[in-house]
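Each chain carries a letter (A, B, C, D, E and F) given by its place in the written order, and its residues are counted from 1.
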Amino acid sequence: MTNTKPISRWPVPDIADMPADIRARVAEVQDKAGFVPNVFLTLAHRPDEFRAFFAYHDALMLRDSGLTKGEREMIVVATSGVNDCVYCVVAHGAILRVYEKNPLVADQVAVNYRKADITPRQRAMLAFALKVATDSASIEPGDFEPLRAHGFSDEDIWDIGAIAAFFALSNRMANMISMRPNEEFFLLGRLPRASK
Amino acid sequence: MTNTKPISRWPVPDIADMPADIRARVAEVQDKAGFVPNVFLTLAHRPDEFRAFFAYHDALMLRDSGLTKGEREMIVVATSGVNDCVYCVVAHGAILRVYEKNPLVADQVAVNYRKADITPRQRAMLAFALKVATDSASIEPGDFEPLRAHGFSDEDIWDIGAIAAFFALSNRMANMISMRPNEEFFLLGRLPRASK
Amino acid sequence: MTNTKPISRWPVPDIADMPADIRARVAEVQDKAGFVPNVFLTLAHRPDEFRAFFAYHDALMLRDSGLTKGEREMIVVATSGVNDCVYCVVAHGAILRVYEKNPLVADQVAVNYRKADITPRQRAMLAFALKVATDSASIEPGDFEPLRAHGFSDEDIWDIGAIAAFFALSNRMANMISMRPNEEFFLLGRLPRASK
Amino acid sequence: MTNTKPISRWPVPDIADMPADIRARVAEVQDKAGFVPNVFLTLAHRPDEFRAFFAYHDALMLRDSGLTKGEREMIVVATSGVNDCVYCVVAHGAILRVYEKNPLVADQVAVNYRKADITPRQRAMLAFALKVATDSASIEPGDFEPLRAHGFSDEDIWDIGAIAAFFALSNRMANMISMRPNEEFFLLGRLPRASK
Amino acid sequence: MTNTKPISRWPVPDIADMPADIRARVAEVQDKAGFVPNVFLTLAHRPDEFRAFFAYHDALMLRDSGLTKGEREMIVVATSGVNDCVYCVVAHGAILRVYEKNPLVADQVAVNYRKADITPRQRAMLAFALKVATDSASIEPGDFEPLRAHGFSDEDIWDIGAIAAFFALSNRMANMISMRPNEEFFLLGRLPRASK
Amino acid sequence: MTNTKPISRWPVPDIADMPADIRARVAEVQDKAGFVPNVFLTLAHRPDEFRAFFAYHDALMLRDSGLTKGEREMIVVATSGVNDCVYCVVAHGAILRVYEKNPLVADQVAVNYRKADITPRQRAMLAFALKVATDSASIEPGDFEPLRAHGFSDEDIWDIGAIAAFFALSNRMANMISMRPNEEFFLLGRLPRASK
């Protein structure tokens, strides 16, 4: 499927013209996913910001944490949903489906996490993440209590809030540059493994 | 003036216990500013995120740009104002006063940029930054027109939006951890040089 | 795939216990779609309201109109997106994909129609539909002008607004009763015909 | 008092040209009320939608219910107030005054039900109705508890929410077509019976 | 008609116990209106604030102005409507009906001035008043242009905005103390003179 | 420092041309503060409104009260912050610093009182004041309970709400006329006494 629609409002560099470290990162994700998610191409327009962006992303999304990788993607999808970010909802929705091996949860969480097939603990996690995303100035000590009641440690809570904060940045960049999701993401994780 | 109020809801590492590169960064800012802004201490709780955060910050705030450093700080102060972030309004307000050699502009921009002593070009810049901060999903091609009419290049516009996006992250982190501004910031840049 | 999750907060009648006309409608949709969308089961709890609901639905969605059936579903998906209605986004997203033979458009329109692969005329249509959905009291004569400029007749405009208004009802009912979308909808229209 | 102001932005059919069943409905309401409320004239522009609209209305407003007819009109007036619908506030305000034999309650409920001369049970009813009207996506199990504490059955709660949902539709149609209330409604129910 | 409902959450002084100047003012309004509007009783709880309140009120509402007294009451009713103030909508709605000799206009303006039987000039006046009431920080030079185009002088514009500002105070006080409107207001100005 | 920027969008009278009582008031504040705050000059454009404004102000801000003068200024600064009023934040921020002999508290309260160095009692006071400022229609008996728990009397609560209400007026006037704060205010109260 060829996509001739622009993937950014700004110029997108050819892979061949990217700095070596960025080219290596692009090659790595291409190997792993079978395609290059557009965020790696569009943000390469600014190599230093690219490097910081993915360093930050990896620091939060790959670290050892009391949150599973699927739970971290739930935070991304829920907060990207309230920020109306097409790229992030579609791309991270796909990743969420894959991690959770659940074809339904991404659409549920993107639209209204209260109706999603998730645990009460995950619901408390998303309620806090959405407060960080939409009304962080009102956070008070009482907001931490339901999280602790569900067994989240202080480090887990930092993770929840920091992921919500990082995607506050990411959603705004994607919306500003009108980043287009790769078509591959729309179907990813929706089919049983065998039929893929 | 000794401050015994906590500067974060999370543990703050002793400088001696920080990784060498972070310690070096702390020493550098201490040399330059005469004190260590609390953001360097509180975020050091997570070294990898600290490194990514300041790499991102520097990529945006130190690069060659069509925006002056003062204009970049205006964006920080205006967007931190709508996000009700005490740390960022106070700390970046101080930096803005210093860069602009103007003791009034930070308080004006923090409360309502429409009443600030800035140029029409700077007003257009802040209107766009605030749209990125508060309603990025509604950005449409028409939003770029007033910026271009004021002579901003596409790279300048990326800078405006990316700074607003980066401080969307920063404000949310500061609000979540309840980051306290150093007392030095409150007065900085308010007095004529001689009397300091 | 068996679903044992409740599909409504209220009792759901057995098909065998439904009045004959409703049973016939259920049989008809079962024949056509291969499954019974949950809205037909959950709303059957109140037969008179069921009849009025589907009579209204059919009057709007099946009538001869200057809007294609796909365009009408775009209105449903866009307004259900702003109302955070999981059932309507998922179920009507599926129908939209089928009508438009486009696996991408539903997710785009549900999150942010400004980024969707639709025509400028359709974009004007959705802008008006969203104003009816979210701020109908502010509608003024000027709101009709972009629609007329795109060739919409007064009857077409009634259709746009009436569909947005009808799903204002539908979204609220689905949210109140916590109507669960059938799992079939999530994948429908996402695959090329042949592979289904 | 002759009113020559338009009652809709769309064409309004002559009664003589309406289908027989609609003409009959119009005659019936004329007999009962002494005048034809404009909603019967303006919506007759679309006979199928007219039939579904009034079937839905009657199913909710005339059924046996744990809510009195006056209470149902309170829901209409309160939700139409937040939706800024002049027709519905004025017309249903009149009906509310008549049912409740209370010349004050409609204006109170339309502006702020918290200050109205109603029972705590009715106040809980309106709080839920307004949540359905303005924020149905956030409805959670806890929202049902105050209603049950006041003795509302599950069927009563459906009625409350369904009336709020139906008038979400009705308010949006009236606002879009700029439906004008009959002048008779403004005074109806404000005077003691004898003086009418 | 005796009203035993409290008219304020705070103590209401007996008229006999009020300072002489306030008692005189109460007597004057009693003579003129035939009853004492509750605002004169409830605010007398604080004599100095009472005096300043009515001095301000009179300065705005009684002065020579390019706005008629009816137009000034339109501003009160429209802004009190968006502030959901039962006392002010009901009491000033009555005064508006009397001044305009129009039994319909108050209910129209209170719910949605866009649908009211008023002139385009009055509509521009209310649009500006509502901006002062709800979003004064965004007022920019461009907001004055439609007013000037309709012939409002700078002094008239001050009147529009100052009345909106004064009732921002008044609405908040009435809401906080839960000021109850006199029952007389509900009917006032709704009947032709002769039948009163 | 000479300021040639306009201090109002409306004409500002020369002091010599003001009525004697207003001139006296201006002289008094000049003596006390060492300069004439611009609110005394800009509002003198309308002498009667000037008199009522300052009578109201003094009645609230100078009366014996369970609130200290510093606490009353906290209310002004917090509510002016949410109303984005540059004049009131800057001018009353200065007064707050002076009364509290605290160079930090004004900036904290203006941006987010939850992070300010104030007592829990003062935090409850500001939470109520902000509800009066932003959502007075929702005030219910329960809103008074935390205030009483902190020992505020009914008269104290009136003071809190009335100050918030008065500055609702003041902020809107200042925003409409674009009242410019005197440059003296920006630094006032920021330095230890000795160095002034």
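In this section, contacts are C-beta pairs under 8 Å (C-beta built on N, C-alpha and C of every residue); 3 or more make two chains touch, one makes a residue touch a chain.
Note that the structure is predicted; figures quoted are calculated from it, not measured.
Give me the set of chains touching chain D intersected with the set touching chain E.
Chains that touch both chain D and chain E, as defined above, are C, F.
Minimal path length between chain C and chain F through chains that touch?
Between chain C and chain F, the shortest chain-hopping route counts 2.
Pick same or different for copies chain A and chain C, depending on whether their interface residues overlap by over half.
Here the answer is same, because the shared fraction of interface numbers exceeds one half.
Which chain's centre, taken as the mean of its Cα atoms, is farthest from the centre of chain D?
Between chain D and the rest, the longest centre separation is with B.
If you average the CA atoms of chain B and of chain E, how far apart do the two points sit, in angstrom?
It comes to 44 Å between the two C-alpha centres.
Once you find the CA centre of chain B and the CA centre of chain F, what distance in Å lies between them?
28
Which residue numbers or ranges of chain C touch two or more of the other chains?
Chain C, residues with two or more chain partners: 84-85, 112, 137, 175, 178.
Could you run through all the chain pairs that touch each other?
Chain-chain contacts present: A-B, A-C, A-D, A-F, B-C, B-E, B-F, C-D, C-E, D-E, D-F, E-F.
Can you check the complex and tell me which residues of chain B touch chain C?
Those in contact with chain C are residues 137-138, 140.
Please output the residues of chain D touching chain F within their complex, sorted ascending.
Checking each residue of chain D against chain F gives 112, 114.
Note which residues of chain B are touching chain F in the complex, please.
Its residues touching chain F are 5, 81, 84-86, 89-90, 103-104, 107-108, 110-112, 115-117, 175, 178, 180, 183, 186-187, 190-191.
Quick one: which bits of chain A touch chain B in the complex? Just the residue numbers, please.
For chain A paired with chain B, touching residues are 10, 45-46, 48-49, 51-53, 55-56, 58-60, 63, 83-85, 132-133, 136-137, 139, 154, 158, 161-162, 164-166, 168-173, 175-178.
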